[in-house]
């Protein structure tokens, strides 16, 4: 049988698919992070926690009120987005102009709070969220059996990423955002309500995280630590992609997902660390990241 | 007189961090007037403009726009009272194309110029429409900076050093433009190094020194004040 | 030209993503001069300084200091060669006392700066010299004042004292009178004149009074390029300079009536 | 002579994490049931139980144990789930010369390389699990194995022990992949397993990891090409997976609530309190506490050596085991059961999940003296 | 920098309390643990507080040193002193390594790189044969110090730890006030200016980083002997977060701050862990938020500021 890097072709393709699935999550999460960092200059440590909250929101809605997956796909991001607005208004607002490290520490604290609350409510062991009927079952791709739901995840997240990219690169609002990252004061001097825009951007950014959470719910166990175990990796993704670079973080996300997938084949134990190795190497060579603008 | 008074500034103080830059500025501008602020580098003219829009650090005193007290308002609220600002450093956005830069400022009132009209005024901008903002030549950037606030329908234009670093021919063009705008009834505050540029355009002149208005005179008093300008502008 | 040239730049150029901030500048600074660098805002003066002091790497061109090419040295090396700069926005250590600020500069030549086991006392013998320097800019009564609490003008003076502490051969002053009131301006002007003896000074200055008063030689930048170079009297009459920078002349005004 | 005039039992187990349902609060409750059976006191001396969460971190467990022995006057320590934490507690107990009964931990090292005169290993161990499930599956025709192993001491031990048994029975291990503890997604590991073309996928993991890997195996159609062998499966895992996904699976356990009148009766009492049926570990906790207290009563002292001496010559008869006894290596000897998961049809009531296919009597399932590396049992 | 009599008195009182602690029946192991973390926090604060570098990977030095010490003492059965020195030395080397990679980066990037490097160390500790993986190194014997001091005895061990801590505390104080410390202060206050005065700031930062790593390592080595084990918890990135919290809570850039902060956090975790379960995390998170929003100076910092205001008013 044909082999690539000494592994059978079909195994290779299989891992490629799975890598894409994980990459899809990285992409969506790092996208939100990048948007927030770009405009607010805040490294949003709470991102992972809010991703977790999104997943739980979906699970709770299903568990308590029987709200189905598709509704949750819309509602959860809205709820979390609203939460984000509150966070920005009450906490982050007070930190603008200060060393960005304070933003990092504050959001770190917030993530601890959120995680703690859910740990107390639901314990550490996971809650399982059923795959929606429409996407149940799986398709035999010949080289592997791909659960339909995972295919949907890749499709959905890539769509969202492209959508966001379009919004930011091709629309008027996007123009405000990009201009705002360069010179917020001047944009405000033109009559744009920049403070409001900033608040909503943060809301939107974390809504993306929540959306990723809902998408993830049926794939992995919904559990309080799901975010904190992911966030560090996503940070690495954003840094590698170049902080603030939208497209960069998306592409890097997908790439690293795949890289990680292959690492699982050659040296499974290392799959959790390969991202950081890459990060250090990249930063040694390109301090501003792969797609980042040199200062 | 006070009836068509558009802007009145009283005892305006402004700070950049620790340094106290404006020490009680008083001035007023009438509807349709072109007023020029003269003074040396560092006199505080730019700061005056920035203070009107609330872009400096701390500021105190009183700024009335058509009777509305603006000293407490956020910059975007002030802008929406009909103020357009062309900053000294031009403030062209590198991540936006020239056209995006032009279309960036939201319309804040009726009666702004149409894009076609603007392109007619500055043909070069039309040519460079799709290239990144900061790739434009200094002159083109300057035109862009002015042009983009003409779209918005703002009636009070704060223009800071718009002739700075531009080839004489373009300066000439800008002079014509200001004439046209004046004819259209715009109100303009002109901050200029280039006295030769400002002199024929302005109805009224203020001379600034160390964050204060030290002299005020009208176009027809220009000659009479020659020696004084000499002394203040150090030329 | 002459061996008297202490600093020379050859075709020095700095581009920021396509935007040319400093454009092919050939500059010669003569030893012992007070050399003024003027030009409209954004002309590239600060950038030029940043190139000389290695805070920015030039896109093209060389920097020669006393004949040796220092284009690719690290900032600190350049500083130790005796090229020291002041900043456009005042550069002091806000939460050190005035004395400690000056001492910070004196300490460098001591060579004990990596000795993390030595007590602070090992620096006290520098206080004498530090106080002298403070006295030179009449700040002695502020010696133990925290620098944040000093008025803007005093800070600039302190910065100057600190710069002098390094015994620089070439001082680069970026708008030393910026943000100062009248009296401060004249004080600092005299000060510069005072410290210029036995040194070379290259300074950016918008205030033409100051320039005309103390500058031996003037270079005018516009949009990154040199448009005039020479003694004040000559340059200030150069029509291009008037056009680009001074903006107006008596001639014009007389012409007006 | 009861130290501090109170008999204090400490239980350190997983209260919040992946094994919380298997041990957790249920264990504490089970111990309380034992205490209640002795009327809450012995010779007028009160019996107490205190509990702590080790979060599956050995350092937390060790620190807590040390503190309890030093400051709380704990007379006996019961170790809940998770091998690492139990090995750590065993060390501390040995240093402090206090009895330590490991109920929930799987690693056979507790009575093997790391055996100690103060450690009793109560419910089950990897060796027994391996002999049970491993042998049975090979006999069923599952000759070629691939292991999905939890990447820590317990997982490695379980894989090693099972490999021995498989090979001893003429089977063959074609490969294995180590997955990090609490991995969120097993799919790529499973793909590798599938690539191996082995007949049997041996799950050398526990709790949440087992659940997730079985789920993913179904999702990716692995179960169509391979048969799963859960090497450590608790009834709670079956409960949360449902019979549809698990029916027909073989597993080995030390106890099952639905075996006899007696077990059912006790289980119902437990159910009334915890709203779920007891796991074998929880039943084990009950019996461990009970037998310890009986010993205390017998020697009328809570002195470690006296009580342990008594326990080592006693015969245990309780709801958890019949004719149980302590072997020289600290291994508590009792029957083990090979069970098969019922199909939804076969199941007559909630929690009715197993049918017992084979009983391993007395010493049969456990490590033999020949195999043992326990110094004090030579 | 001169210590005022008031401060001096505070130090003496605290020292007296520390010496008396075991006699008044405080559980020595707990206090030792607290002291180890206090030292860890002080080491971290030397970097954040007195150099202005936020490292998000300090757990690596703390935890890895613990492993090395454990391995030397338990597996190699060498004397405890060798273990402690070994652990500390390795931490120093690790610090040099981290520093060389990270030091040129600023702010967020610096934090992220240190974090990434620390994750690699975590990976090594998880996989390397000598660390015992998930179980960590257990039952590390204390043995006898210099072959005479029976540190297996908690009380003896306690005074040894206390002595080491006090020595390091004074050491850090010295470092900060030394000529080197002066340069660090300049860098923190105005880095471009320090450069223009001719200081190779990167080298100073590097030395500061190595010193900090070394002391963090010493703290880890001690903790390993005190608790008798080295485990993954000590190399986990959340540990890096905790040490930040300790410094932040007590007061970044103050000497006593990290000590107070460490004491509070440790006792908080110790007392609350069993009572409120997961709420510990919530509470700690809340403290983080409050510190950042309400008092960035931290407890000690705020007190000092208060006294300062008093002085100026009088």
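Per-chain numbering from 1; labels A, B, C, D and E assigned in written order.
Simple rule for what comes next: a contact is a pair of C-beta atoms (placed from the backbone, for glycine too) under 8 Å apart; a residue touches a chain by one contact, two chains touch by 3 or more.
The structure presented is a predicted model; accordingly, all values stated were derived computationally and were not measured.
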Required minimum of steps from chain D to chain E, each step between chains that touch: 1
Remotest chain, chain A as reference, centres from CA atoms: C
Selected pair, greater C-beta contact count between A-B and B-C: B-C
Farthest chain (mean CA position) relative to chain E: B
Whole-Å gap between the CA centroids of chain C and chain D: 77
Separation of chain A from chain B, taking each centre as the mean of its C-alpha atoms, in whole Å: 44
Separation of mean Cα positions, chain E and chain A [Å, integer]: 33
Centroid spacing, where centroids are CA-atom means, of chain B and chain D in whole angstrom: 80
Touching two or more other chains - residues of chain E: 277-278
Per-residue multi-chain contacts in chain A, two or more chains: 119, 269, 272
Where chain B touches two or more other chains, by residue: 94
Touching chain combinations (by label order): A-B, A-D, A-E, B-C, C-E, D-E
Interfacial residue positions of chain E with respect to chain C in the complex: 1, 174-175, 177-183, 185-186, 189-190, 192-201, 203-204, 207, 211
Chain D to chain A touching residues, read off their complex: 16-21, 151, 177-180, 182, 184-185, 187-189, 191-192, 195, 207-208, 211-212, 215, 219-221, 240
Touching residues (chain side chain C, partner chain B) in the complex: 17-19, 40-43, 152, 178-179, 181-182, 206-209, 212, 222-223, 242-250, 252-254, 256-257
Chain C residues within the chain E interface of the complex: 53, 55, 74-76, 79-80, 84-85, 87, 91-96, 100, 103-105, 107-108, 110, 112-120, 122-123, 162, 166
Sites on chain D touched by chain E in the complex: 15-16, 51-53, 57-60, 62-63, 66-67, 70-71, 83-84, 87-88, 91-92, 95, 151-153, 181
